[in-house]
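One chain, chain A, appears in both complexes that follow, with chain B as partner in the first and chain C in the second.
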Partner chain A sequence: MSVDAAVETKTVFGSEVPQPPQHGAAGGVMRRLNFGTGLVGGIGLATIAGWITAIITPSSASSDTFAPMEPTYVYLAVLLGWFIGFMLGMGAFVGPLRWVVGRDITHSDAEYMAGKDLGRKRYWKYTTDHKVVGIQYLIVAMLVLGFAGLLAMLIRTELGMTWTSLFTPSFYNSMIGTHGIAMIIGMIVIISGPLGNFIVPMMIGARDMAFPRLNALSLWLFVSAVPMLVSSMFMGGIQDGWSVYYPLAAQAPPGMLGYQLTIIVFAVSTAVASVNLMTTILTMRAKGMTWSRTPIFVYGIFAASVMGLYAFPFFQYAQILGLSDRVFNTSFFDPLNGGSVWLYENLFWLLGHPEVYVILIPSMAVALELMPVFLRKPLFSFNFAVAGIVGVVALSGLVWAHHMYMTGWAPAANYPFMLSTELISIPVGFLVLVAIGTFWRGTAWTRLPLMAVYAVVFNKMIGGVTGVYLSDVPADQYFHGSMFVVAHFHYMLMGAGLFGAMAGIAFFFPKMTGRFLDERIGSIGLWTAFIGFQITFMSMFVAGLQGQPRRVLNFDDQFNLSNWISTIGAYVIGIGMLIFLSAIITSWRSGVLASSNPWGSKSLEWQTATPVPLENFPVLPVVTERPYDYGVPDPYEAELDSTDQDLMEKAGTK
Partner chain B sequence: MKKFLVTFLTVLLGGAIVAGVGVFNAVQGEAPPVLVANVVGTKTAPSGEEMPHAELYLDVYPNSSSQVPQPETKSPINNVLLAGQPFYHPSTSLQVPSNSLVTIHFRQYDSGGTIYNPYFAKVHGTVDGKMKWNGKEVSEIKPDEVGHTFTVHQYPESTQPYFFMSIPLPMNPANAKTDKMGYPVDPQIISVTFMTGEAGSYVWNCEFPCGDLYQEFGGPMQTRGWMAGTFDVVDV
Partner chain C sequence: MSTETLIPEEPEAPTNRPPSMRRVKLWLQRPYARKILILNVVIGFLLLPLAWLLLAGMNQTGAPASEIMKDIEQTVFVFTIVSIPITAFVFAVLVYSLLGWRHVSGDEPPMQDSPAIRTNTIGVILWTVASTLLAMFLVVWGLVELAQITANSFGSIAANEQPGQKSAEIINVTGQQWVWTFEYPEHNGLTSDVLYLPLDRPVYFNVTSKDVIHNFWAVELGVKVDANPGAITQTGVTANKLGTFNVRCAELCGMHHAFMQTQIQVLEQDAFDSWVRESGGKKTS
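And then the complex of A and B:
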């Protein structure tokens, strides 16, 4: 085929490839923007916006509900100023603005944005390469989890020091609320963000995500939301738990604005990321990668994206309406003026429960993904695993009101919701059974990732069994609002979710960094955290069964023992997590170098070089078999062998 | 060896960060200084028993002024968010002796309105079910004339000695004569006497919504130093 001389071409793997027409010159201000300019823009615009708002708002301004409005307006202006300034400074609006003025991004600009030849600088920029975004997600998610973990340690310290009170009730409440929402956000991101971005495109044989610029946008929206959340602690905090029910939220100090804007921005980030992942998985799978040849981890990420996409908008609407109540004196959630607190509760839990599966399903999927590799046998009933994931997605939106049995919202609806909640334990059970079935008669190559899977399966079973009690209306009347509930959801979200993330990070670490995660230090950290986890939350189950209410700073002496033990366990978890963190840091810097496929895995991401080249594969792969056929004879290979032998016999060469 | 050193330093640094943030916030969140009810003699209980008698003096102000400083706090944001809000003075951390008769004398300088729950317009938990209001003994006041309440109650699920007391503090009329600081020249004077049992830790708060935001239950209503505090019964 001849190439028109007027069309610019580029040599790609020895072939002249026509390039799309360029509009305008490459380069410009976008090449000077980075995280530093983002910080300057964000802090600068926040300062200016806050200063102007403080000047134009009369200090005597108050709302219909007597709240002094100056701090609220100034804080809102600061948050909005930060968000716009940071995104401007990062260069998030460069692409759309250049498109509007007819100077779209050139091919050279696109390569620059992908981080080509930028070295480590690319991690500090609005980079579109999915691998860079994956690493960025990993760092930010670890920072968020570290911050939430710090609050967890302080909470447990307060509860463990039963002879004295360290913090004021307001600050304690603020720590509880901020810890809750920060952990939820961090846990949602810790697998889908780093591994969904870094691994999934390679796993399906694609060169990048479907929308690379949206990929960068989702990451930096997430980053911009983090300071908003942290800042709320300096404005009176989130004192009403992570659910911030009304009217408590309406009585809360201005820190509530930080929560509301964090959720609004994070929901946009999640929607953008979900659409991107779903489109990538649906349209960019390698030739031959049928659904039965698609790895289970890809199903897990796809399922989490679907649930995040439909569930987060409910939460986002709730926060938009709540912000409107606070700032504009509307009354969506004010019962005295025609609003409904139940409206809020429903909107909240329409995200609140699917969110559990947004965390859990990727965690289980990463466990199922790596088990065949280390057990050297096929996944036990791939179809059941897929059915489990599909079943969870289908039922995830029908269980939210089991969190509202005791609110009096709709007593007649309790039993249908009890039924749907107990039903969802069946597909979740499928996943556990597939894991156990895969263990059965497997030859375990017990490396660090598989150790983490043992922890996931154990914790998942404890969390699942205790969840069945809470789904039961009569039992929930007793357990509701107690530490039993806290222990249960920590088993699900942390026990299964975070240990799953540890498994995933340990497994994919060689591909992401080119080095092994230190097995000895990593496993010491893992098992220390696991033991601490059991101590902490088993004793919390006991406190809950004794009747200790959750979210209460001062409790009766009868709960002292279980709280002391729980606090000791929490310190052990903290030490374990820090040891695991040090394994990540030291291994990343100077760990043992890994080959491109150190685990001998059959899936595509391990078939390309390490470090992974910019567009992943020199030639896009073609998939000819299922990803977990370890130890299964290849029928085509056997056929070829026999034919070869026949030919050789006929030719007399045998 | 180097890796284990890095691991040890990581754990040490993590522990130091947790401890540092904890200590910083614990200092920031120090409770107001404890106001101790001193034993001033003995008094006869309704049962005829002679018991130690202690006294406490508390004032309720509608806002701070140069004469009455805002509650002591090390949290700068509270000084901004709660400026101009009512508070108990001189402290909200109270300590009284166990197995004693305790008299609290209130001077109430704030205005008021109608309380949502008329239960809290009644006197609960005093030795005779009454309080002395401007020299008169009453067991309740009109629900639409309440300024604040002083309500002591238990922790949830508590097994410590039962203790509950609630005193309505009447409001000052809108046309009350005020001094140059805006405080009524003749505040409402209330005194109550109650009996303490064995030692225990309790909390107290005002049940009349006098704060800000939704139904005025925000701000000072939730903050120790303003309209909530601790009430410790101790062995002396």
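And then the complex of A and C:
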């Protein structure tokens, strides 16, 4: 074979540069794929798979509890068909498939995949540009949170209407389960997804993520999991809380399959995203960006990625084993056939607790990231902030069994787990110290993002202190499984987590959209939600103290008052969140235009143009300073030094 | 605080005090430092009634009805008191930041940057030491209380063999969707769906489940343990208050989880014995 095709060249800065050979022609069916073809593929394959399974399943097939297995098999086939069809239709397998047939993605195809010159169409495609992925993540995460928030409203409505019952017990149980897992998934994604993808590469001075195609893969895996979760509501629902303890989960209707497959897919998505973020942060920081010059938000995202990477597999295995129990009648978690319910609980909480920090650490980090900009002073004790994050990561894997104090699994293990759980309050306390140290004597430019940080720190303190009660075995003997726990983790995950996300979104909004988030409407929304939040969950603490168990739809009359107040508060939160959402939507469409660096930040991501061009920086930046170099010399210190001098002189003359 | 004066009115006279003390004194003369400390104390005292409110919430239905519950309430009380100063300090900084350090003219950034405080060794050390000591105190308190509660709940069997002690009552608790069954094996296997307990006598629970995981929560007695299928978990308590209390299931167990509750009747020994007789059980030997 003779290779005598002329080497292609391209003119770069006036000189001819030979281009690497391209294998295969550009274009092809890949360029016709988008979200629409994904939906068609997913629904089409789901229908076909379900139909075939319905035909070939013997109608007499039953589980070991004599429940008919046909719905289970059909639903499983539909879910798998949806997943494969959707990913195929989106074009997720274009790269591998081309590789198999000996072609590769050409340069112009790669540019096409990055969304070059595609305009708005790129948001509907399997786009690899990290900024597009960030926006897509934001939209999908907000949709998931909105869905879960709607369920929360329905739950509180049921609990507030103590004189009647709106829903059947089964539907109520399925609502609390779906609300829980949807909120958890949404909260895990809401900061690491949009801000981790959109902002982090720019913050470290990179052109994109390390693995742009994996980036798109993680997003679309997440997207494909959402309909699975929602569909389970129509297949009997997840009636077992978000923790789906066995053997209760074994009794559940086929909807449980939706939960299991959602988790299995979402865990892959998290792993892919984590590896991508970690590699990006480790290897692609700008020249001169040493670890001490790396912004704290990057640390936060890195920490969340580390924890997500080691924690999610436990959960995924647990769900795979559970799926096997359900579909193949194995008995991993069936205690009457040699299985262990405690094994499930351990696997579940080995995810369950690190996941709390996967949500919290990015939200604390984004709060710390934006504080110096609005207080115009450096982050207080940067090293301490890093130490706090590292400490939380180090201890995060050693505390899971504090969720199992009352299970009888290992009473002797309660002592060490109580120790490790209370120790983790020390690194978390470091983060609080950094926050208040940064507030200390800073002239507070109280724009919306900073105002949200006040809410975060306030809620974080209340969540933290009540967490100390729960970490203590004797106190937990009363609070475990009561509404007190519910109120506590809402203070952490919503009060600190979601308000932190609101702070982050408000802060980075001008960079992401080119417009300011409307200050007035946004603030009204934020503070309405904040007040509603205090009302709801303070009275939920009271209900817990009075002894109301969680996950009940009916309770004694003594709990009526606190539940009424709680429901009123929940509606206030709902209104506040809707106002905040309307601020996001209206500002995105027609907000006040922002310059490329409207807050006067010194961080790299604000030094590029807005809207950010493809590949972010025309010339890669070089970092020469520590982050957060704001501030003027401290007048008090100068005065102290001068009096010191005076004293020394006087002492010398004596 | 526009009226802050940076230089103290009277120049400091030279003294023999160590310079660190002088620095602390100078620090205390700064207007914001005093105000934050005052705010700290004020907020702390405002938060103080919380400790009693918490207990009031817990005691609404007659708790504490046992030593264990008393220990639990003591723990909650102490933890609240201990965490108030640090919470109040954080809140004081937040409040003062909003009131005292706020940049007044809204939309534009402040004309001048704030002091570049990169760190403060004394502050950092103080915080670390304080938070570590606090955590250690909580751990030690928790460990001691846990040991005590374990002794209170598991010690009942040992009490059985001690002369002069009232022998322990053994009760097999079985959860099933969605009822509790209490079996008294020492009384001819007498069963009941209301938990009858003798006053001031150790009771020993063998808790298990027939189907899914339940959680046996005797609310006012401060007893809580999971009822697992295929396993027996053990706990115990000595009820020391007459009255009617609640058993609730504290682990989601399916459709009617909310209705899986029953009552506890704590009776005098005589009344308990006559209940046993009337219900067909043997008299306590």
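Observations on the model:
In this section, the second predicted complex is superposed on the first by the 612 of 654 C-alpha atoms of A that agree within 3 Å, B and C clash if a C-alpha of one lies under 4 Å from a C-alpha of the other, contacts with A are read in each partner's own complex, and residues count from 1 in each chain.
Heads up, the rule we're going with is that a contact is a pair of C-beta atoms (placed from the backbone, for glycine too) under 8 Å apart; a residue touches a chain by one contact, two chains touch by 3 or more.
Given the structure is predicted, the values throughout are model-derived calculations rather than measurements.
In the superposed model, A:I436 lies in contact with chain C only, and not with chain B. Contact with neither chain B nor chain C is seen for A:D208 once the two complexes are overlaid on the shared chain.
When the two complexes are overlaid on their common chain A, residue A:F234 makes contact with chain B while staying clear of chain C. In the overlay built on the shared chain, the residue A:E605 is in contact with neither chain B nor chain C.
Once the two complexes are laid over each other on the shared chain, residue contacts for A:P169 go to chain B and to chain C alike.
After overlaying the two complexes on the shared chain, residue contacts for A:M153 are found with chain B alone; chain C is out of touch.
Once the two complexes are overlaid on the shared chain, A:L581 sits against chain B while remaining clear of chain C. In the superposition on chain A, contact of A:Y478 is made with chain C only, not with chain B. Of the two partner chains placed around the shared chain by superposition, chain C is the only one that A:L375 touches, whereas chain B remains out of contact. If you count the residues of chain A touched by chain B and by chain C, you find the higher number for C. Judged by the document's definition of touching, chain A residues 169-170, 239, 247, 251, 336, 547, 549, 552, 554-556, 558 lie at the interface with chain B and also at the interface with chain C. Chain A meets chain B in the complex at residues 62-63, 65-68, 71, 150, 153-154, 157, 165-171, 234-236, 239, 246-247, 250-254, 334, 336, 518, 521, 547-549, 552, 554-559, 574-575, 578-579, 581-583, 585-586. Put simply, chain A touches chain C in their complex at residues 169-170, 173, 239-241, 245, 247-248, 251, 335-336, 341-342, 375-378, 380-384, 406-408, 411, 414-415, 418-419, 422-423, 425-426, 429-430, 432-433, 436-437, 439-447, 454, 457-458, 461-462, 465, 468-469, 471-475, 477-478, 480-482, 519, 542, 545-547, 549-556, 558, 599-600, 630-637, 639-640, 643-644, 646-647, 650-651.
Here chain B touches chain A in the complex through residues 3-4, 6-7, 9-11, 14-15, 17-18, 21-22, 25-26, 28-29, 31, 77, 80-81, 83-84, 155-160, 201, 203, 211-219, 221-224, 228, going by the rule given at the top. By the touch rule above, chain C contacts chain A in their complex via residues 6-7, 11-12, 14, 19, 22-23, 26, 30, 32, 54, 57-58, 60-61, 68-69, 71-72, 75-76, 79, 83, 87, 89-91, 93-94, 97-98, 101-103, 106-107, 109-110, 112-120, 123-124, 127-128, 131-132, 135, 138-139, 141-143, 145-146, 149-150, 207, 211-213, 215, 217, 219-220, 222-226, 228-231, 233-234, 246, 248-259.
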